[in-house]
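We call the chains A, B, C and D, going by the order they appear; numbering starts again at 1 in every chain.
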């Protein structure tokens, strides 16, 4: 593998050039919504979607997602962000402006099983995911053809725990080269080091093949079979340094029974995995998620 | 039956004396949220929950539900409503103020099958429904004991299509006597006249025992069996003068198969009916529903 | 509490006097079904339902449930069982004959929260559970009225870990007095001793308020909240001496999100618990369940 | 389009050469199971799966599916079928022998939307569908590449109601040429004539994009939107001459709400359609389905 591409620049989607999302997290107090909506109104921005949540109206934490439309947003954005900085200081806000025209770029990591990758490629082709796929990285060659057929760069990087640091250095270089915003572990069966995770905090989305916190770790379908559960599931979560313990974004289950052997559980499970991961990715790239401690606020 | 009770007065629940909901529907235009949140902020009201929806950001209809907390709300409410009238005129708003302390009072109509009534009584006893049950009316005596055991007045009013007007006159008198805010048809198997429906527009909640619009009308389980469907359902909706055509509030289904005869479908269905109706009632009394044409906006 | 009732005798339901179920578990080999169906045919018994399962057609374990109708079953049953003993020896079978007319008798154990008890009482009144409720035992007085209103004996037996043996001695005496076939722990918040469990192997059904094996042990809703799961569940299982590790009979889940606090999770969960437990009990008393190691075969 | 291929012969899968399924439908009477299992035992066939159903044990219709394993089945099959003919006469049976090694061959018809075709291709590649895909026929060219990439013949046959008979003649010729066992309408948006349907009775599987019998006919998502339903669904059924009225094989639904416009309903619906159709096809090719009047018995 060699990394010799030209520096890429993000795709700007002019269709959405006047749309943005403002995500805010701060200590709750009266008047926040008034201040935020007044701020947007000052710039003639119209709120398209608004969702808020407070852990406790008295002295809790306040979260809000405001999607807005604003004529000539490109011309106004800098001034808006400048003005907003003052508000943010006054209310002790964590905040993020996301401009819809600046299409997010994803990297997909995959090992041998392609079902989650395929689902993402399919949703992407359909226009159901508001993102570009910058690169696919795999420790197997199996998925190369289907990826390259779509004009997406595919990198085969063999991986195992003995060469982990060297592998991750290559991967990080690719993430930088392709200006990657979000990493999707689409059944990538390698552990990531704390150093790697730190590079991409709350930007690595994993799919785990169980309804966490049941069956943390390896081979959850075999363990589900051994336990005789009547439901199997899948969980999409942000990756942290505690294995399978990161903030959960989405989960789902399917009914099984005594007749399902481990192979059958894997088949049923693969369908859950692909839809759960696709939903989590969709919500992430639509800037619907705020992380608070080890939990997510997902604004639908 | 005789109607000789003293005039009842609504229960005020002091626990919620500073909480209210403002529901608004109006033509969409920029700045509405700013105006509304500024309005609430002026009275030192803190927005606890906010949900909005627009049929179309350009020239559609805008809907919002604002739940707020306001110290000394009782003292301020009159002035707030007065001030709001001006805003409402300017934006051509339909609006409703609902004060949480003014517990809504429901009448439950039931025929022979008690499962939906029982579910509501159970949720009510549990404190899961933010309402009082003012009266239960039935064209059968069967439910009297379970209702009166809870200290709720029970009226047996035989009904059939030949005496419909006279029956409805009695029922309307009871609704007025008990100051009823919402009527719940908990498997009440009588058709209501347009006159009756008009009295309680968007305040009569029915449960229909199919996933509408499939199996409109009588005996849906027998027809579901005859059709060989693999799912049966239930639908809760506001009653209009078009049978089973009113705005749908909630629906749910369960899986069935060839082994389920009509009796079994009824059993499975009764469990769907009771949970679907209970949800619709809960959302109504929490003022989460706005009706637009033949559809509902339900703000969760 | 005193135990002075007359010895009770089981209710015989003449409506079902010619119906029975034969449950069989044995090493798989060719011809078993032929032998079993020939056996029944010899007695002019007609198979109404038949379900079978084999862990592995080659050298696995074979399970079958045969529900049959047989004219004058009462006169033939003894001879049938006698003849069957020979077949069972030849095939090394575990087998059970269950006569539908011999209505099973349940004991329900409950602590403070009544929702699971209420659901069972309601299904029982409806005729949806093919069992009698012989006795309800609680370490709280709360449920006495609703139980006695149905003519079911209610025993208040305070319980805590210091008096566990003495409490269980009383309970076992009651189980014997009332000729109890199945014990239902309908949110009974006391640990049972190995001695007690041994008395009622595969006949104690518990409801645990999580989707096991997640959140084994105390306070699963609080832990589900802390973990930020997007689904909560309930699990019904046979009780063994390993806490929450017995064979799972049924599980179900509901979707939740960040807005649900622990109190709300408990409310949502209580609805899952009651329907999951009711299903498990129904299948047990219909003799649909065979236990194999730590798993159940449930023949629907 | 020209039809000049060599006559194809069905693929024999030696892995399954000793496995078969016997499907039987007949008037219910005592002893049928004994006769059938004795019959199989005579040939040293071991029953792997057995499922039965009776509309009514007294004088109803009896259905059974017996999956069996039989050493040297190829040598015995002819004699078995010969012997069975006598049993079938005695019990007035409709019966079908299906040999698992004789892989069924499907034709897939598709119009513009590829999601259902893609799902089938994917399941097929995964080995999840026990069938071969003999040919794909479309009135659009869009899917050609993805079909031919898998080595499956693709025929573009423009279609509209004016040339229906001529189109169907071509299609029937292809069905014969490719020895097609089952036709799958994977969102094929053309009406079939009674003549065509008669050729393939109970062998044409359609996916309809609503939970039938709601929204029969054209554009169900637009009508679901207009009606304001809270669930949308899909239905797979055998095609008869009554539009969308054939025996239902499988249905499923997803929750939607007021925020979903028609485009969003189509996206959500497409995911339901693909999984519902894939299940129906799987059950058909595993010979799990018996048709009785306008209903299906599906033995899982």
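Definition applied: a contact is a pair of C-beta atoms (placed from the backbone, for glycine too) under 8 Å apart; a residue touches a chain by one contact, two chains touch by 3 or more.
Chains and their UniProt names: A, B, C, D = Formyltetrahydrofolate deformylase.
Quick caveat, the model's predicted, so the values are computed rather than measured.
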Reaching subunit C from subunit B through chains that touch each other, fewest steps: 1
Based on the averaged CA atom positions, which chain is farthest from subunit D? B
Counting C-beta pairs in contact, which comes out ahead: B-D or A-D? B-D
Averaging C-alpha coordinates per chain, one finds the centres of subunit B and subunit D separated by a number of Å equal to 44
Please report how many Å separate the Cα centroid of subunit A from that of subunit D, as a whole number. 38
Subunit B residues counted as touching two or more neighbouring chains: none
Give the list of subunit A residues in touch with subunit D in this complex. 118, 122, 126, 128, 267, 271, 275
Can you list the subunit B residues touching subunit D in their complex? 53, 211-215, 227-231, 233, 247-253, 257-259, 294-298
Using the touch definition from the top, list the residues of subunit B that touch subunit A in their complex. 29-31, 33-34, 36-38, 40-41, 44-52, 54, 57, 69
